[in-house]
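In what follows, subunit A forms one complex with subunit B and a second complex with subunit C.
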Partner chain A sequence: METQRISFGLFFRHFLILIILIVFLFPIYWMITTSFKSSEDILTRPPKFVFEPTLDNYRFAFEEADFTKFIRNTIIVAGLSTILVVTFGSIASYSFARWNPGDGHIMFFILTTRMMPAIAVIMPFFLIFRDLGKTDIGNRFYLGLDQPGALVVAYTVFNLPFAIWLMHSFFQDIPMELEDSARLDGYSRLQVFFRVVLPLAAPGIAVTAIFSLLFAWNEFLFAFVLTRDDARTITVGVSSFQTQQGILWGPLTAAAVVCVVPMLVVALFLQRYMVRGLTFGAVRG
Partner chain B sequence: MASVTLEELRKTYDKKYWAVNGISLQIADGELMALLGPSGCGKSSTMRMIAGLEELTSGKIYFGDQLMNRVTPKHRNVAMVFETYALYPTLSVYENLAFPLRSAGWKNEDIERRVREIVDILQVEHLLMHKPRDLSSGQSQLVGLGRALMRQPNVFVMDEPISHLDTRLRSRMRSYIKRLHIDLGYTMLYVTHDQEEAMALADRIAIMDQGIIRQIGTPDEVFHHPNDLFVAGFIGEPPMNFLESQVVHDNGSYHLEVHGHRIAIPANLKANVQALPEKITIGIRPFYIGVSGTPDEQHTLPGRVFIVESLGDATVISIDTDDTRLQVSLEHTPALKSGDDIWLALDPDYMVGFDPHSQLALVGHNGSKA
Partner chain C sequence: MSTNSAVYQADSDLKQTARAAPKKQLISDTVYSVLLIAPALVLILFFALIPLGYAINVSFRFADLTSPRGVDNYVGLENYHFVLNDDFFWEAAQRTLFFAVIAVAVEMIAGVAIAFLLHEMRWFKGITRSLIILPLAASPVAVGLIWRNMYHPDFGVYNYLVSLLGISEQNWLGDPDLAMYSVIIFDVWQWTPFVILITLAGLQALPKEPFEAAQLDGASTWRVLRTLTFPMLTPVLTLVFVLRTIDAIRLYDAVFSLTSGGPGTTTEVLTYYLYRTGLRFFRMDRASAMALLFLYVTVVFTGLVMRRFMRNIAARTRQMAS
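Up next is the complex of A and B:
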């Protein structure tokens, strides 16, 4: 019968969804619960699902391992590099979308800068920032090794090509007539960009900003090589719980939770915006 | 308001191909001029140069007697209606209308008053608080029109303003725009690829093709006295028929032959018949061809009915002659069916002769064109 077939299909679908959710969410569940377990509870076999929660791991991460500093560094570095990426990226992307300087060659060249893996450029970066740190300018802008400026520059350079390509289509989708109309209504080119184009490209810019922020927040390799202590970021901090005495699972998971939660909140908060931005492109007039 | 004068306007984008290739045109103060041509003929480039959105490669643009070449769009005071409406999607209808005044620094209460005035003219009060995405295409274009009317523009430019609308709405908007022009008296440039629109609206039409103007004239002039084959074929629906004919000299008298069948010489060329080239392309509109079941003095050209289309108020018959398919438009519905053999009479008073080489209309002895 019709109704039965549908309900079976529905059941099967939900069952499948459940399985997939378990596969994907269990590690996160385990990470969160582990962060609240005492060290004995973490290591018992078989693993405990019911236990007495404790905040010891968090206390350890923040008091012994100075996670407050790591978080502050990450916020500064990720925030600043995102602002720079969006600023330079939107200007560059807009001019590529409207005037296409270099007939696409420059646009392609920008993409080629992303064709090598980060590990290939990490040594040059290391040498550049080591020497920059010894100069006046380098000192003024904190561009030396183990200084946040170096990471800001590295992340900006690494994210900019991606941002330009991502925003390109958003700017292209804004009808030229809107700009024409605004110019006839008395706006200068710059005013048109700031008052007409940017507001319309907002979804695209938001998406770009989020991706850029996520990348900078989660980045490990550059931070690991370019920082030692003062400018250390949260991901490197998490990895520091792999000690010679063994892995400190409790503090490590606590730190990982602290690392994940802010981005989770950002993503949840902006989810609708992001999906709309990615799927619909910009606006139709 | 101002007259608009274009002098030898040229535009190239890649230095190889001329989008606009030397256009001179005068639009009188308060005139509605249509710029008509197929897509890619350069009419949009011309319009954008007048509005200041595009730089000229060479030439001069005057509003009144003021040279506009280096004047920014802001200071030209050109209002424009766009094919795709170009309403700001994030702003309400009210804010869209207010936009040109806000950027000109008007005070809020003045803006409010002006919006009310325009809204009264266009009857769109109920839409004021809506966003453009909630509007139908017709409503969107009304708002687009309204926004262009907000300021008192020097020149009013419309870029295919109704070609995105459906047929019924199109004819309503068309008469609406015409009435608006009569009431407000703006100097208007109306860009379109639709000859019917141009005919219905314009005081004069400039017909463009491949970057040059082929003819400028009133709708009546371009319809009855086309300058060349392009204009003749572009204006009119159903389009003008063309026949290749031979000028035959026979015992001191002249006549034309189409595949050996004798037809009359166009009335305006009779006086100057000795000066005619050997071959003439005859143009005749579908309304001026008569049909008969038997040959006689006038009905000299044989043909076979291809198809009969009854449109209610007129009947269009497609007829195959030796190598050309002609269209004939009759007010009555004749008792004809596909395959019938018939005889055609071309009315010499409405025939237009063209030189097949130069493609230009042949000019009669008294200097008048066909």
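Up next is the complex of A and C:
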């Protein structure tokens, strides 16, 4: 075959890919190096590629701007909403894959709610949580404005449709015969789900969980509108370095690194499943 | 031979009897299946229908949260009338369309081309694929702010890099003629990897036989692409196109962090205008009317293009269940 031969074309192709890779990775490289520059080194002309690294920006972000709190909030909110999404999403998705209640219409309705632009529902969400915060239940579950519960609920609602569609393809891959023979062996429907189906769908559930985490971690608009200070998350924290007096580039870049790098690591491990996750389970990578 | 088939016969008889007379169940399969979807559905319905109902209600009222009247009397279709005659609204809609068409076109062409290049790679394929998808995982707001620094007219790295290429320095985000293109470049950086990744998966899933046959027949590369590769890739490319378009129309984070809609209103897309009307000027009535129009267009678009895709999945389920 032609592609088997080592030729000039083959080398040229790899060289081209290398250039493309550099273009795509350069902003990430620039972000990471800038975060270690002193504030003088950031504002130079021409920009410095070689410099004396310092941790001042990180020190500022964590000591002056209370970035620890933002990270803690993000972990709580993203973690809890992921648990809820996986719990409710997996049983619903299994039901759709096995019995298809509503003959596709309910599942399609669920998908359309995911297509809603967040900005179109953000104002009613704001008012719902403002009112929930004044009730007893709302107080008990921290569902008011600037409380983590409100974000947990918002992210759960927004990620559920995605989770149901993604897991659907994994549940469909499990042969029906396995379930049937488990039933013949005397398992109840619940036992079939927990002992036969769930272990086999474990990769799908893991992928869904990690994607829910990724979305919640990177989400900005809900966090921006529904929180003010106590429940503020990491993305809003990064943008808060744009102050009235100007942009604090050093601390902002350090904060951006703290926000972005963990998710880059997640993506590297998730690589195998990215395709399936990004297409709602429609394309198998 | 005959004993074997007799055993199979007996076995399938046994299975059939078992199926015909299942153990006594308190609830039927139908009720069980509905119970399983209930928690998710209740949550989604509650948080989809209440905001919808609220928005519909407010869109027919006067609602200015900065005035003492607050949410006030019904005004009929006045808000819709206002929005549909609002020049800012139509300009924002035009900008949204412009952004979506250019960004998605560039991403599709570049993404498919790079995917073909990657597919034919012999060394470092796995690591390249892992590295090239990294922009996808980065929070758009956080990296958007980094790009804002890189675009800076005085000490930004991009002006330095283009000056090395002999191009004059630009005011990337401050020049009204250039700002929208700078936002598009950012979006292309973040989302081309998505097109690459999915197209590559589609390419790798192609069956080998037709291509080997075409090679034996001595078909030209172009002919193979036109008659085999692209037709077989169409479903995957359609899905990528639809998902990218939906996301491009909803663009918000990048505009927020890069330009805040400026300079002037040159990068103010619909979502950003909506945000400004509702959460900066607190005209909830007009914002709600706008949000509903926007929602209607997106859902109709999604409905039209995703329906076929959804039907396929439903058909597969039915096939398996029978």
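What we mean here is this: the second predicted complex is superposed on the first by the 262 of 285 C-alpha atoms of A that agree within 3 Å, B and C clash if a C-alpha of one lies under 4 Å from a C-alpha of the other, contacts with A are read in each partner's own complex, and residues count from 1 in each chain.
Keep in mind that, in the parts below, a contact is a pair of C-beta atoms (placed from the backbone, for glycine too) under 8 Å apart; a residue touches a chain by one contact, two chains touch by 3 or more.
Not measured: the values here are computed from a predicted model.
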Touching partner for A:30 - first (subunit B), second (subunit C), both, neither: second
Subunit A residues touched by each partner, larger count belonging to subunit B or subunit C: C
Partner chain in contact with A:246 - subunit B first, subunit C second, else both or neither: neither
Contacts of A:178 with subunit B and subunit C, given as first, second, both or neither: first
First (subunit B), second (subunit C), both or neither touched by A:200: first
Subunit B versus subunit C as contact partner of A:108, first or second or both or neither: second
Partner chain(s) touched by A:156 [first = subunit B, second = subunit C, both, neither]: second
Intersection of the subunit A residues that touch subunit B with those that touch subunit C: 180, 183-184, 186, 283-285
Complex contacts: residues of subunit B adjacent to subunit A: 48, 51-53, 72-74, 76, 78-80, 82-90, 99-100, 103-104, 132, 147
Subunit A residues within the subunit C interface of the complex: 1, 3, 10, 13-14, 16-17, 20-21, 24-25, 27-28, 30-31, 34, 42-47, 88-89, 91-92, 94-101, 103-104, 106-108, 110-113, 115-125, 127-128, 153-154, 156-157, 160-161, 164, 168, 172, 176, 180, 183-184, 186, 189, 214, 217-218, 220-221, 225, 234-235, 238-239, 241-242, 247, 249, 252-253, 255-256, 259-260, 263-264, 266-268, 271, 274-275, 278-280, 282-285
List of subunit C residues in touch with subunit A within their complex: 15, 18-19, 22-23, 25, 29-30, 32-34, 36-37, 39-41, 43-44, 47-48, 50-52, 54-55, 114, 117-118, 120-124, 128-143, 145-150, 154-157, 160, 189, 192-194, 197-198, 201-202, 204-205, 215, 236, 239-240, 243, 246, 249-250, 252-253, 256-257, 271, 274-275, 278-279, 284, 287-288, 291-292, 294-295, 298-299, 302-303, 306-307, 309-311, 313-314, 316-318, 320-321
Footprint of subunit B on subunit A - complex, ascending: 175, 177-178, 180-188, 191, 196, 199-200, 283-285
